[in-house]
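Got a structure for you, written out below as structure tokens; questions coming shortly.
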Amino acid sequence: MDFATFFGIVIGFSLILGAIIIGGAGDTFINVPGMMIVLGGTLAATSINFPVTDINKAIHAAFYIFSGKSITANDVVNTMVRIAEISRRDGLLALENVRTENSTLKKACQLIADNSDPVMISQTLRIEIVALRNRHAVVQDVFKKMGTYAPSFGMIGTLIGLVQMLTMLDDPASIGPAMAVAILTTFYGAILATLLFLPIAGKLKSRTQQENLHLEIIFQGAQSILENNNPRVVYEKLSSFVPPAERKHERR
Amino acid sequence: MDFATFFGIVIGFSLILGAIIIGGAGDTFINVPGMMIVLGGTLAATSINFPVTDINKAIHAAFYIFSGKSITANDVVNTMVRIAEISRRDGLLALENVRTENSTLKKACQLIADNSDPVMISQTLRIEIVALRNRHAVVQDVFKKMGTYAPSFGMIGTLIGLVQMLTMLDDPASIGPAMAVAILTTFYGAILATLLFLPIAGKLKSRTQQENLHLEIIFQGAQSILENNNPRVVYEKLSSFVPPAERKHERR
Amino acid sequence: MDFATFFGIVIGFSLILGAIIIGGAGDTFINVPGMMIVLGGTLAATSINFPVTDINKAIHAAFYIFSGKSITANDVVNTMVRIAEISRRDGLLALENVRTENSTLKKACQLIADNSDPVMISQTLRIEIVALRNRHAVVQDVFKKMGTYAPSFGMIGTLIGLVQMLTMLDDPASIGPAMAVAILTTFYGAILATLLFLPIAGKLKSRTQQENLHLEIIFQGAQSILENNNPRVVYEKLSSFVPPAERKHERR
Amino acid sequence: MDFATFFGIVIGFSLILGAIIIGGAGDTFINVPGMMIVLGGTLAATSINFPVTDINKAIHAAFYIFSGKSITANDVVNTMVRIAEISRRDGLLALENVRTENSTLKKACQLIADNSDPVMISQTLRIEIVALRNRHAVVQDVFKKMGTYAPSFGMIGTLIGLVQMLTMLDDPASIGPAMAVAILTTFYGAILATLLFLPIAGKLKSRTQQENLHLEIIFQGAQSILENNNPRVVYEKLSSFVPPAERKHERR
Amino acid sequence: MDFATFFGIVIGFSLILGAIIIGGAGDTFINVPGMMIVLGGTLAATSINFPVTDINKAIHAAFYIFSGKSITANDVVNTMVRIAEISRRDGLLALENVRTENSTLKKACQLIADNSDPVMISQTLRIEIVALRNRHAVVQDVFKKMGTYAPSFGMIGTLIGLVQMLTMLDDPASIGPAMAVAILTTFYGAILATLLFLPIAGKLKSRTQQENLHLEIIFQGAQSILENNNPRVVYEKLSSFVPPAERKHERR
């Protein structure tokens, strides 16, 4: 599990709660209509902005950021080297039996085992990479847009509150609390954007970059296996994707 | 019909109306000159910014976001595989009779049936894709620009109101209501941008991305049919455009 | 003449004037020093930012946005098909006599008539397109930058006014009017940017995109004439630049 | 000398000075600690942001914007045509003696005179162009960043002033002047950014674009001389870099 | 050591401290809960946004900006020329023994000494460059995002303070100090972003650009050594990466 994400959210909200409790007037900070306008408005604008399928994918992806087991670039390099060794020892056909959770790697192995045209394999894997990147970009975009709609609806809520307050200036004593309530929606919008939507979009981007790197390693590895099936050459080339400090042994 | 778009707009405006009614002073929120300056000003700036033809296209596109029947990438892949099967069984000339609503697919089939030069077919389809993307980009741009002009005219209206209020400070009691009226145009501008123009631009972008994906599938499919007319190879390649979970059977 | 541009400017300013007249205190809105600081400051910053030649070009381009007669993509496609027909009937040399106002098309015809190297023709036309796009981009950039400098000088004027007002708080009655005057420069800056500079930059961008599309059609058409001088093939390829609904007859 | 740059700065500051003098309270606008925090803070952030060598280059480049003699694209085209004529008449070796201030043109002539590999010449000139563009981009970046740091430090200064003013509300009469002083740093930051840093960055960008255009002409000219040493063909190709109206004689 | 970075931070904070001390009320500026909300909130959002490994790398990189010894482009060019001389004199195999701290140069030498396929060498070095650039981009991104989260949490802190102040308007005398405290978090956020996070991101970008330039020189040098092992040609090509004024002797 990705504890940093979890603790980041917990600690972020705790700090804000702490500041509210220390400063007093804690119950002022709960305003249901204000919450509804910011959260509801953000969801409404988002559902105008994106197809339902994209929003569904985004909701699923949001939970995915808590999941932990991360495969390193080194692992993928090693996998590709092992596959190169298998294909050299047992022939390209042996790749049919490679077991992997990565659907792109599986497809690459099957295409190679099928003795497909190298150009067609290269095009197909390139399509896999670009299509995946585009699909992930849409999901990130949902959260990025929510991160811009939330503060906007926060401001809209505050404007409504200000107009109401300014129209009904009968009781000067009520100006302060009315203004406080008006400001609350801006506060909600800022928290939703800064502590949830934008960082989640960021984490999804990090995940995509990582997965993209892995797909590039698979792509380059498959190319190498097709061109010149030498595990050492495959390793020399793919290890360049890994930071120097993490490379196992530059020379083996 | 795309209900998410429809309900997004309805719920978004309902939430704002609700907040206005709960808070009272509902009639203050209607200010015809303010609405005119924001909406009229936005339309004026837009008609300076874009040729009339582009604005017309944008108005048509705005209704298009409510339309529903969406063809999935899987459908397009299946169509291309079926076309590959037809062309293999009955020869490339049989593609002349393919019935389709997609004008690019129709053109691709005719060009293949005409036995055109493969390079020329590839160039022509690439032009189709780029030209369509550019035309759609202009339409999105109209709404994106409206989404920046609306808040600007909202601010201009507020500045006019503020100057008038500050000049005529005779009656302190009128300061509040005058200020409320001044703020209203900012409120109108924010709502128009956040709940209409920007999300509509976003939805149009989603539609374009989807259509673009379909055109890419058609392009790659036509390439494959021309190069190596094997439906299974066509499927292997094109299925990479589809998310792994939605692929029918990885192996058939 | 491009009436949309003209009416956009007239209606935009009329709406603002109307709001000022309805709200009263119309003479407050005229403040010559304020206008000088916003307009003069914007011009000063612009003349630091750009070479004089670019500013001159921008001033000329600004009038160009009112000019009307627009050639459609369809017209350019037809011209290229006609040129293909001429060159097929009368030989490439006949292109020497083609009459056209478009300097790039004229150059293309002359280069083809001169029997120049196809690669050199392609490079030369590509240079024409890129050079024109870069020249136009500079002109748009002048107006875009003016659209950012105007609000900045509006804010600078307001800051000057605020500092003066706050320093001389002797007469509380003068605070309101002094504040009103201070706000005016922000108002001027916002109007200049939102109703003039930014929409003009937008219109110039639209014109460039259109002209760019025409140059691309000329480029691809010239390529096709050089490669395979068949008017029907030229039409098939170039018609892909035109939206399907505007294509004359898909089949002739 | 580039008088537009010079007069832009002089007139911009004069307008601001004029507005200050007309409005009175001129001495309020001088606040040494405020100036130090804005200018010093901007320089401090800049020296954290950039290596010393880049800042030195930026300072030198800042004076360069006043220098005037500008070579037009036409001049460079003519030079390349003249070089093509020399090389045709006297052989490629004669280019060794070409005298020019442009170091890239000099290098191109020497490489051609040395009878170097055309591919190597092309790569070398491309490196020259890209390396120069990157070096210039850094210098522009220094001023662009100063244009964002200056307003930020202006705001920081204002926040300090506001906190101090709000803490010491003993004498209500001092609120106005204290607030005026607090606002001053925002004013300084806005002027520095809007009238100096950002326009200077813009002018440097214009210069780079011009120089880049000249290098492209040299690059394409050298290519043409190597491929097909015909001055008329060289002219036909390179004249496409020049706006049609400025081309000498389309036909000679 | 990079003294500019060090002094930039020291002087920047000194100027702000000086302004606080001169203006008085110095102890008001210390507010532990406010600091916690800004710094803690920024770290929380950052740890949601990025994987822990990226944040660790960013922390290490932050210290790296103080380190000084910078290798110039000229040094790298000279190294590559020396390597070309060695490889010419002693054969490509002699590159096995080249001693260098740069892991990419070391890898290039080993691959050449191993007599690897030139295309594979080129691909491998290109992967090294792209992978390094992506890794560095992530680290810069951490600081850029911190530079946007810090002001956001500053504003959130201020909103909390404002709501609390407006709710408890019992004692008018406390309004000023309460407002001062509320503004403090905005002040903290602005300083963290403007004087630390954004300039550090900038310095890391400068370092990356420099390292990237060096890797490009190594890449182009290795290409030249493989293609045409002539030290003078290598020098002619690589010296184009260096500004003309810093080139040793254009002719040797």
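For reference, chains read A, B, C, D and E in written order, and residue numbers begin at 1 within each chain.
The working rule: contacts are C-beta pairs under 8 Å (C-beta built on N, C-alpha and C of every residue); 3 or more make two chains touch, one makes a residue touch a chain.
Since the model is a prediction, treat every value here as computed from it, not as a measurement.
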Identify the chains adjacent to both chain A and chain E in the sense defined at the top. none
I need the rotation angle between the copies chain A and chain B from a CA superposition, between 0 and 180°, in steps of 5. 70
Distance-wise, how many Å sit between the C-alpha centres of chain B and chain E, to the nearest whole number? 38
Express in whole angstrom the distance between the two chain centres, defined as the mean CA positions of chain C and chain D. 24
Which parts of chain A, given as residue numbers and ranges, touch two or more other chains? none
Sort out for me which residues of chain A touch chain B in the complex. 33-34, 36-37, 40-41, 43-52, 54-55, 103, 106-107, 110-111, 116-117, 120, 123-125, 127-128, 131, 134-135, 138, 145, 149, 152-153, 155-157, 159-164, 166-169
So, in the complex, the side of chain C touching chain B is made of residues 2, 4-5, 7-9, 11-12, 15-16, 18-20, 22-25, 28-29, 65, 70, 173, 176-177, 179-180, 183-184, 186-187, 190-191, 193-195, 198-200, 202-203, 206, 209-210, 213, 220, 224, 228, 233, 236-237, 240-244, 250-251
